[in-house]
Amino acid sequence: MSPAGLSFVAALVGLGLAAVAGFALPGAARPAVVGALSAVSGCAALVAGVGALAGQAWSVSLPGVLPLSGLVFAIDPLGGMFVAVTGGVVAAAAVYGVGYTGHGLSGRLPQSVFPVFAAAMLLVPAAATVGALLVCWELMAVASLLLVVTEHRERPEVASAGRWYAVMTHLGFAAILAGLMLFAAAAPGDSFAALRAAAPGMTPGSRTVVFVLVLAGFASKAGIVPLHAWLPRAHPEAPSHVSALMSAAMVNLGIYGIIRVGFDLLGGGARGWWIAVLAVGAVSALYGILQAAVATDLKRLLAHSTTENMGLVLVGVGAAGIFATSGERVLAGLALVAALLHTVNHAAFKTLLFLAAGSVLRATGSRDLDALGGLRARMPATTLLFGVGALAASALPPGTAFVSEWLLLQALVHGLPASGAVTAIAMPLSVAVVALTAGLAVVTFVKAFGTGFLARPRSEAAARAAESPRGMVAGMVLAAGACGVLALAPTVVVSALGRATAIGRLAADPISGNAVTVRLGGVAGALSPLMLAVALLAGVIVVLGALRLLASRRARREARLWDCGAGPPTPRMEYTATSFAEPVQRVFDNVLRPEQDVEVTHADESRYLVAAIEYRRAVPDRVERRLYVPVLTALRAWGRAARGLADGSVHRYLGYGFGAVTVLLIVLAVTR
Amino acid sequence: MNVVTPVAQVLVVAGGSPLLVGVMRQVRARLEGRAGPGVGQPWRDLRKLLRKEPITPRGTSEVFRLAPLVLAATTLVAAAASPFLATTSALDPIADLFAVVAVLTLGAVVLALAGLDTGTAFGGMGASREMTITALVEPTLLMATFALSVRVGSTNLGAITTATLHDPGRVLSPVSLLAVVALAVAVIAETGRLPVDNPSTHLELTMVHEAMILEYAGPDLALVEWASAMRLTVFLGLLATLFAPFGIAVTASPSALALAAAAFALKVTVLGVALAVAEVFLAKLRLFRVPELLAGSFLLGLLAVAASFFLA
Amino acid sequence: MWRLWRKIRKTGRVAEPAPARPAGPLTSVAARLGGSVQIRHVDAGSCNGCEVEIGSAFGPVHDAERYGARLVASPRHADALLVTGAVTRNMVEPLRRTYDAVPGPKLVVAVGDCARDCGVFKGAYGVVGSVGDVLPVEVSVPGCPPTPEAITAALRGITGR
């Protein structure tokens, strides 16, 4: 067995032990043991994934476990990348989880399900048969559902989020199941190798049906609009380290599924598919970031931002598909590397951000940005770490996402002359979407960091916050370290990702480069993130030196804030997250359709005297309102109508049975 | 490694940018029938501010204190990386148009955070408005970049400039003309000039940039003022370099660099004077009319990209 | 736009030729400012007569800006406070806070008779005293209201230009 396979198995065994420990150990020791075991397993999985990326293939066949076909697991470079990402996220979240034990989180259920969830996420990208994929997928869904509803006793929203998640994840599962079953029916077996061999023999129509079904299922897991409704509910309501796992690792597997089935198993398919992927990606990116820009709930903001980033990844995947179907191998590889790099980057910074949000939640009991503020003085470590994550997420240098968005833009820019009118229309629009998304991401994260952590506390709870315990900070530091490495030395990762793209009609290794500079192969383009960071640092030093040389050496004087000479400005006068985002909300009024309500109460004496003014504002999810509410209403009406059929009479039920059998027999007789 | 060019560029931009602001104020003063304080006044202002006492408003943090440093550093990096004087430079790997735009945006972000950090209503207001405008300018900037890079096949500033130097006729192509208008509007918005923001306003309610820096005093304020002058110079310099790269040195010999510096000063001054003259005729737009202006310029950028494909 | 351009052409320069620089050495604070004085105006209880004249001093005709003086929006940016009016009870504290907000070296200019010695409001129940009773005044400009020429001359005495 190769070292990669060995450490993969070790990771699974470790997680299994952690699950048992979480169930069997007494409460006090539980978090530490489960956290330590999970963290070590996460690291082992990271090693396994990296090994697979480096070319160590590994596979194992377990014929007897599942009836009919058994289970086969294998890690190739593509799967290895997702295993590595998941392993890294698990490690950071597990270390964090040791200290994050309030609200019944050290209970038996969450502690034992956490490792199971992690193991399921590691197994999904390693599955090499349809049966194995579906089993692991369902295991992952159920485990995450149990974790989401951990705190359902304390808050009623959790239960509602759990219901949404349960229904949507299973609808998605049904779509994937149907798609893959259709696919497997055309092949001699359900192993991926058999599917790959059978794909060229299928009719284009049936391939398209398979792809659309699978796309819907996987996209719903990735939180892609319009199948995103569960994500901003379930991710915020889960305990924060579980949110990190879901938002940084689980959503990636949706992307994995689309790439695996679309590029690998179906072999690329038609250009129309990828235009559709690009379109939903673009819509998701814009819609997600718009919702995030006006959100005031910190974790909900992060969840919407997940939709945005998955949208950007799909823009890359869609572009890769468009290029691949028109024979532009190099560009296709470039776009896919950009997408994969963004997936990795997103995993790193979203882990960090969710963990930091959990730290804030633990210290203040609030996720409402309008009630936070001033945390920098009381929680310096969390503030610094959230700042690192926010810089990474806003796609500015020297942050993490800047490199991957730069790569994505390079692929799109160079793709304009590639293949005729379709790209001539799609590429500029995609660039515009990516640019607007990047701009709004800046607004979003300036808002999150500026109103959440800077300025003065807007509530008692925020004023009394205290820094989180060392374990939690250590988990965040791990994630921040990953962000730093990815931001400054992306070349390390990029060359490995190049191997992951060697599937189907894509070129391997579209990007070369030394330790400092990313250089695109085949098209002109180079960027050196490390040099940029060094230049910025040098700039700061030069400015400091100039200041030393030119400025007076007078001591700094502390003075009261300039309040126009009037009384001290109270926290109520500060800009809140809502007011900060108000201009953006107004600009995008037609898209967001916020609901505002001003209620004026007049004084008793006269209509001209105002006693109170009440202002309410809500930004509803329009997609949800237009798409989901009618369906739910129809379902409810149908359910009510069906109640009339079931009146409890046994005779009636026997009658239904008789009728059904008769109809079935008639149908069979006619169709035979 | 050619480090002469970046250093020379930094020196030219750092030394010349207050003079540019002085020239623009002087032009404006003359058009208003005033005498004007003279071209050197911004330098006198900076000299005085540097000598003054630094003040830390109570309740602000390191973010507030470090923001001027980072803001100035970002503009210096942008000035060093862009091919203002010569097309060959040691900083070529970061002379990417996307990267330069992102670095300049980083400066705006840091200042917005400083505005929020004070916790005053004006600081938050300025930050909120600045960020909204920044978010909306981004698509236009990148679209114009896109249009310019298509014909060259690269977003590297040096490559774009070299290509235009070799084929000067391109400047008058429809792509170029559409892109220049789009980019000009974006530059005006990014540098906070009329009609997007009024750099000389005293009315807090109409402020954007000024509102964020109301708390800065002494050397900190000097840095912020200096950096915003350099930012203006860098943006105008980018405009000049992309659309009229004439005089830019191809080698790094001292005489060629000196000539290039003179040409750069001339181009940027012409653009600055044009901007100052235009500002006399313009009133500030309402904040919520600014998106319409930016959407218009975005459309021009999109047309430029379309033209680069369909007219090629 | 065309009409505005024609008007600009027709009007030409309206700034009056600069009179001779007032004689006399600069104070130590003014000398350290080096020809650049940013000014924050504070109305401590004025009837707005002085404000009109200040506005006029900074208008195109007298153009105080040409001597290096400029009005700014925040006391943090200022070197000098231009205080008008007798200091009323409600403005004592804001005036002190404004002075405190100005980074040193700084100075105070009292504009108008009210600011110098309370003028006709001397002894009124709402008036605390002159500006000099509250802050250290460096320069005062007499007149009710002072002429723009006088204000400009006083400012030139600080900028030294």
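Every chain is named by a letter (A, B and C) in the order it is written, and numbering of its residues begins at 1.
To be clear about the criterion, a residue touches a chain if its C-beta (ideal position, glycine included) is under 8 Å from a C-beta of that chain, and two chains touch if they have at least 3 such contacts.
Going by UniProt, the chains are A = Hydrogenase 4 subunit B; B = Formate hydrogenlyase; C = NADH-quinone oxidoreductase subunit NuoB.
Small disclaimer: the values here were computed from a predicted structure and weren't measured.
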Contact graph of the chains (line, ring, star, complete, other): complete
Pair exhibiting more inter-chain C-beta contacts, A-B or B-C: A-B
Distance between the centres, which are taken as Cα means, of chain C and chain A, whole angstrom: 59
Chain A and chain B, separation of their C-alpha mean positions in angstrom: 35
Inter-chain centre distance, chain B versus chain C - centres from mean C-alpha coordinates, in Å: 33
Multi-chain contact residues (two or more partners), chain B: 51-55, 214-215, 218
Touching two or more other chains - residues of chain C: 74, 76, 101, 103-104
Multi-chain contact sites of chain A, meaning residues that touch two or more partners: 554, 557, 559-560, 562-563
Residues of chain C defined as touching chain B within the complex: 1, 4-5, 8, 11-15, 18, 32-36, 38, 60, 63, 65-68, 70-74, 76-77, 79, 101-105
Residues of chain C that touch chain A when the two form their complex: 74-76, 91, 93-95, 97-98, 100-101, 103-104
Contact footprint of chain B on chain A as seen in their complex: 373-374, 376-377, 394-397, 402, 406, 409-410, 413-414, 416-417, 424, 428, 431-432, 434-436, 438-440, 442-443, 446-447, 449-451, 454-456, 516-517, 523-528, 531-532, 535-540, 542-544, 547, 550-552, 554-563, 569, 571, 573-575, 579-584, 586-587
Chain B - residues contacting chain C, complex: 29-38, 41, 44-45, 47-48, 51-55, 201-204, 207, 210, 214-218, 221, 280-281
Chain A - residues contacting chain C, complex: 554, 557, 559-560, 562-566
